[in-house]
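Two complexes come next, and they have one chain in common, subunit A, joined by subunit B in the first and subunit C in the second.
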Partner chain A sequence: MITPTSVLALRLAGPLQSWGASSRFTRRTTESAPTKSGVIGLLAAAAGIERGDDARLAPLAALRFGVRIDQPGTRVRDFQTAHHSVTGKSMPLSERFYLADAVFVAVVEGEHTLLAELYAALRAPVYPPFLGRRSCPPSGPVELGLHERARLEDVLLDVPWQASDWYRRRLLHQAPDKLTVLRERAVDERGATDALRDQPLSFAAAHRRHALRTVVTTHVALPPGPPDEWQGHHDPFEALPGALEDESV
Partner chain B sequence: MTRIFLDVHALQTVPPSNLNRDDTGAPKTAVYGGVPRARVSSQAWKRAIRTYFREEQLLDPSELGVRTKKVVELLAERITGLDPALGVEEALRLADETVKATGLKTEVPKRKADQAKDGGPAPAPESKYLVFLSSRQLDGLARLALEGADDIRAFLKDKKSKDRAREIADTRHSVDISLFGRMVADAADINVDAAVQVAHAISVHRVENESDYYTAVDDENTEEETGAGMIGTVDFNSATLYRYAALGVHQLAANLGQGLREDEPRSEPVRRAVEAFVHGFVASLPTGKINTFGHHTHPDAVIVKLRATRPVSFVAAFEDPVRSNGGGHLREASDRLAAYIPDIERAYGDQETTLTWVLRVGPSTGKLTDLGTESDTLTGLVAAVGQAVAERLEKPA
Partner chain C sequence: MYLSRFRLNTARAGARRLLSSPQAMHAAVMSSFPHLLPTDAPAPDTPRVLWRLDQQARAEVVLYIVSPDQPDLTHLVEQAGWPAAATVDPQNPGWQTKPYTPFLDSLAAGGRWSFRLTANPVHTIRRKDSEPRKITAHLTPTHQMGWLLDDDRQQRAGFRILEKPQSRRLLPHGTTHHGRPHHGDRYELSVGDTRSLSFDKSRAPGGRRQGKPVTLVTVTFDGRLEITDPEAMCRTLTQGIGRAKAYGCGLLTLAPLAQPTRQTA
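On to the complex of A and B.
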């Protein structure tokens, strides 16, 4: 009998995110959704797993991963120069790509005890989380909830639509009827898949290694927006009309 | 594990300026909350902070590092400093071997090698990547090189000396390296993970870049037909920026290693680094086109939080862009923060262990007063934060 799994859900939102899967050298691209290595890295950092500690990383890397694109965002190209500290001369230019204004729900599925530990670690991280690049801190907490005895597919179906208020307002009359899900294949699943080289094997600085993993692209019906309670928390500007009146004084 | 996080938030208004430009010369931007914003990259501001450390002498030069490819030349200078009898070429050779023993690859740049063929002096090898070394590390390596000066190759072939070279390059990191990290692609074991996370600064309001068409008059042109000596355009914007950085004090302490001197308390180097960081983050400014625009400003409001759980960015307070209503953006931005911070802290913060300081200027930022202990001056803020960090390091919350 297969042990029932749990699922840890994260909300990945911030002004900028950058999830590179194959970038090196001076052109650092981003995928259009969070990578498994990026999200596992975020969890490992929160748990205080050091870069070279492949043994502690292994159980995290073994979690099944999926991501739902709640708000796709737009691509930003950043152009960076560096200067030689002694001569002041320009160094090679580099291009970095970011996703601006995007919101994702990322989930990992696996054994409950491990996920409970990671959930706790996110609330008191050793190394704070970032969205693919250190200069991209999340806005608001990333942990969204721990679902016991659940499957990744079902959680991605049920978690409320996490898109920002402005985005939902803008799409009020033309809301998408479905959201794209990119997830790993289940153990017993067949059928065509894509592959992405973002299965982390080692984050050791000397030899970062990634293997291929499967990516199944599906869609889920658009879930309802967040419940009022959550909304109340993230929309704290109800007091503002009063504040604006002050200004006219 | 003891966690000590420090997060620093600032609202800063800059007049028409171009602090950080992209490849077309226009100020950098990003979209947030569905509208375009002014953006200053984290890299640009980190560089400004590092420069500020040096120029304002917030730290002793021995506590700072240098980021360069010319590591062999720098080390050779230290070596001749210790033993002036050594010739330049000999010092360069010792330095090159020692640098290589730390695991870095060096090579003579092709352009310089070609120049040397035409009879120029033998050029010094450079490391293949920008290397960030602390002053103390360079001193240590210079001493090691002199120790083996009789036969440097044989000396460094010995595993013990080689290990010492690596150890010197991987301990006693400078304050700036401990804060911002060091990346060396070909000698991974002397990488340092940054203890600080600096976010891209973004405007709290919608910003469209503007373009200024200019003409320059030729003062000496009296005879010919009058007209511009030169024409062009310069792009700029003005913005009220939200700036955010988070510092893992426990990680910084690990990067810095043990105290510099036996007679200092263990927390002393960390306190000094934290103070320099807060001061540098608040007061530094990227200098892009500063002579054109003179955008010298300081933040109107600074909020610092010392925490035992996790850092929190308040950028979501500005996802809905601030509208000016004719009175600038600062007042509403402050009001937003004053409403948002207690809200998010109640839901996710740790009121018991979190300490908050506020430094603010002018009536527009008035609502921020109640968020924490007010400091009258930046110096006062920096000292209060440093003191609290030192206390927490000695006695965790």
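On to the complex of A and C.
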């Protein structure tokens, strides 16, 4: 590495998410993981960058992006018949695809001051964050922490497994031993990669433009889940003197 | 004073009967004390029998009892426990009782604990001046927390509920953007398991209902507190908080403080 970078981690979880990269017209598909344009758009919205403001968008789009699939979720299809609220005319029939019950850890890597600003922006967003589509709100705080002097690969290795409780309970005895990571290529990395057209160039309402971006698919060993919240456990016997040597019941 | 716990075997009909009615559970708990008659009213301002049900997992329901005398829960083990396992091991009768007094004596001002309390938060209201005041349950988490956070109540009870450090708050001043209080973001306090209970107090011979059923709203508070007045705290722990103490409300228990786990950079 030439200069030390920082990494901002996000937890993307909600009842529905939808991350389109290539859909057009009335069939709106979703990728199986968050797209870079979607996540950069979320950060730009939190920071209050307007849609046509390509100059302020550029430093955000230059961040290196990666995502870890903590809970893949299921793809659901919505057959949408909408009517114009004023004229009552029917809108074009459209098919919309969503990911239900999915949890992702998305990370962006870049210069520390920019990421610190974005982290603060996420805690007091100008425009509220959503998961790929305006109708998909996140089910909890999006920000997951800012790691100083870190690399994207290492953060994706260390962040606790974010899958929901019910999912972890269901997989209690057959938890996956690794999680899929989709990330951009590092500067000094060589080798064949996939490409996805989700590198944002402009979010201008009249003409959105995206460029191709590299995608490297790797796996990381399953990190331990987050420790239990203190609300979950309460044992008054632990407070009693000499409680620790007695373990009956 | 004694603290006891007993795990209910939820697969048994006896346990289900007890879980379905606080009245039945109350009767069963009170029958655990040989020289206490069900008709005995507790003397005011003395320690009394308090109990609470904690559901820790789907099939793990634990009954906690704080009482002035040592209870004998044999009948509960027989009806709603694991009697065969209890007879195999004479050391382990199927429940656990420990002396509570040494712990109560060790409490000191400034001590910080995590707590759990199931309570029946109520207030009295009237819609117009000509009407008599009526006892009414608090129904929203904000009001329910407000009931426990009431300054007078905390002072009388001998504790203070801790505030969250600024770094763990999602709202900067602990209020919503409308300026309304948001206790859950400001204090180390959460409300869970709100239940609306309705059960019959007793039945006439022949199974006919007598009068109206008892209706209650109970909530379980979890949080962290600091002891301000150890003497008042002991009273709170042995005499309970709020109403409906016979029906599993009012028992406050303390546990050592776990380290905060939610990390923010």
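By our rule, the second predicted complex is superposed on the first by the 218 of 249 C-alpha atoms of A that agree within 3 Å, B and C clash if a C-alpha of one lies under 4 Å from a C-alpha of the other, contacts with A are read in each partner's own complex, and residues count from 1 in each chain.
Here, a residue touches a chain if its C-beta (ideal position, glycine included) is under 8 Å from a C-beta of that chain, and two chains touch if they have at least 3 such contacts.
Treat the numbers as computed from the prediction; the structure is a model and nothing was measured.
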item: Subunit B versus subunit C as contact partner of A:Pro15, first or second or both or neither; value: first
item: Touched subunit A residues, subunit B compared with subunit C; value: B
item: First (subunit B), second (subunit C), both or neither touched by A:Trp166; value: first
item: Which superposed partner A:Leu146 touches (first subunit B, second subunit C, both, neither); value: second
item: First (subunit B), second (subunit C), both or neither touched by A:Gly41; value: neither
item: Which superposed partner A:Thr74 touches (first subunit B, second subunit C, both, neither); value: first
item: Which of subunit B and subunit C A:Ala100 touches, first, second, both or neither; value: first
item: Overlap of subunit C and subunit B interfaces on subunit A (superposed complexes); value: 123-124, 141, 233-234, 236-237, 239-240, 243, 248
item: Interface residues, subunit B side, partner subunit A - complex; value: 1, 3, 5, 22-23, 28-34, 37, 41-43, 66-70, 73-74, 130, 188-189, 191, 193-194, 197-200, 202, 244, 246, 248, 250-251, 309-313, 315-317, 319-320, 325, 327, 331-332, 335-336, 339-340, 343-344, 347-348, 367
item: Residues of subunit A defined as touching subunit B within the complex; value: 13-16, 48, 51, 73-74, 76-80, 82, 84-87, 91, 93, 98, 100-101, 123-128, 130, 134-141, 164-167, 170, 204-207, 233-234, 236-237, 239-240, 243-244, 246-248
item: Residue numbers on subunit C that touch subunit A, as the complex places them; value: 3, 5, 7, 54, 56, 64, 91-92, 95-96, 98, 100, 102-103, 106, 113-116, 170, 172, 190, 192, 222, 224, 253-256, 258, 260-265
item: Partner subunit C, residues of subunit A touching it in the complex; value: 119, 123-124, 141, 145-147, 226-231, 233-241, 243, 248-249
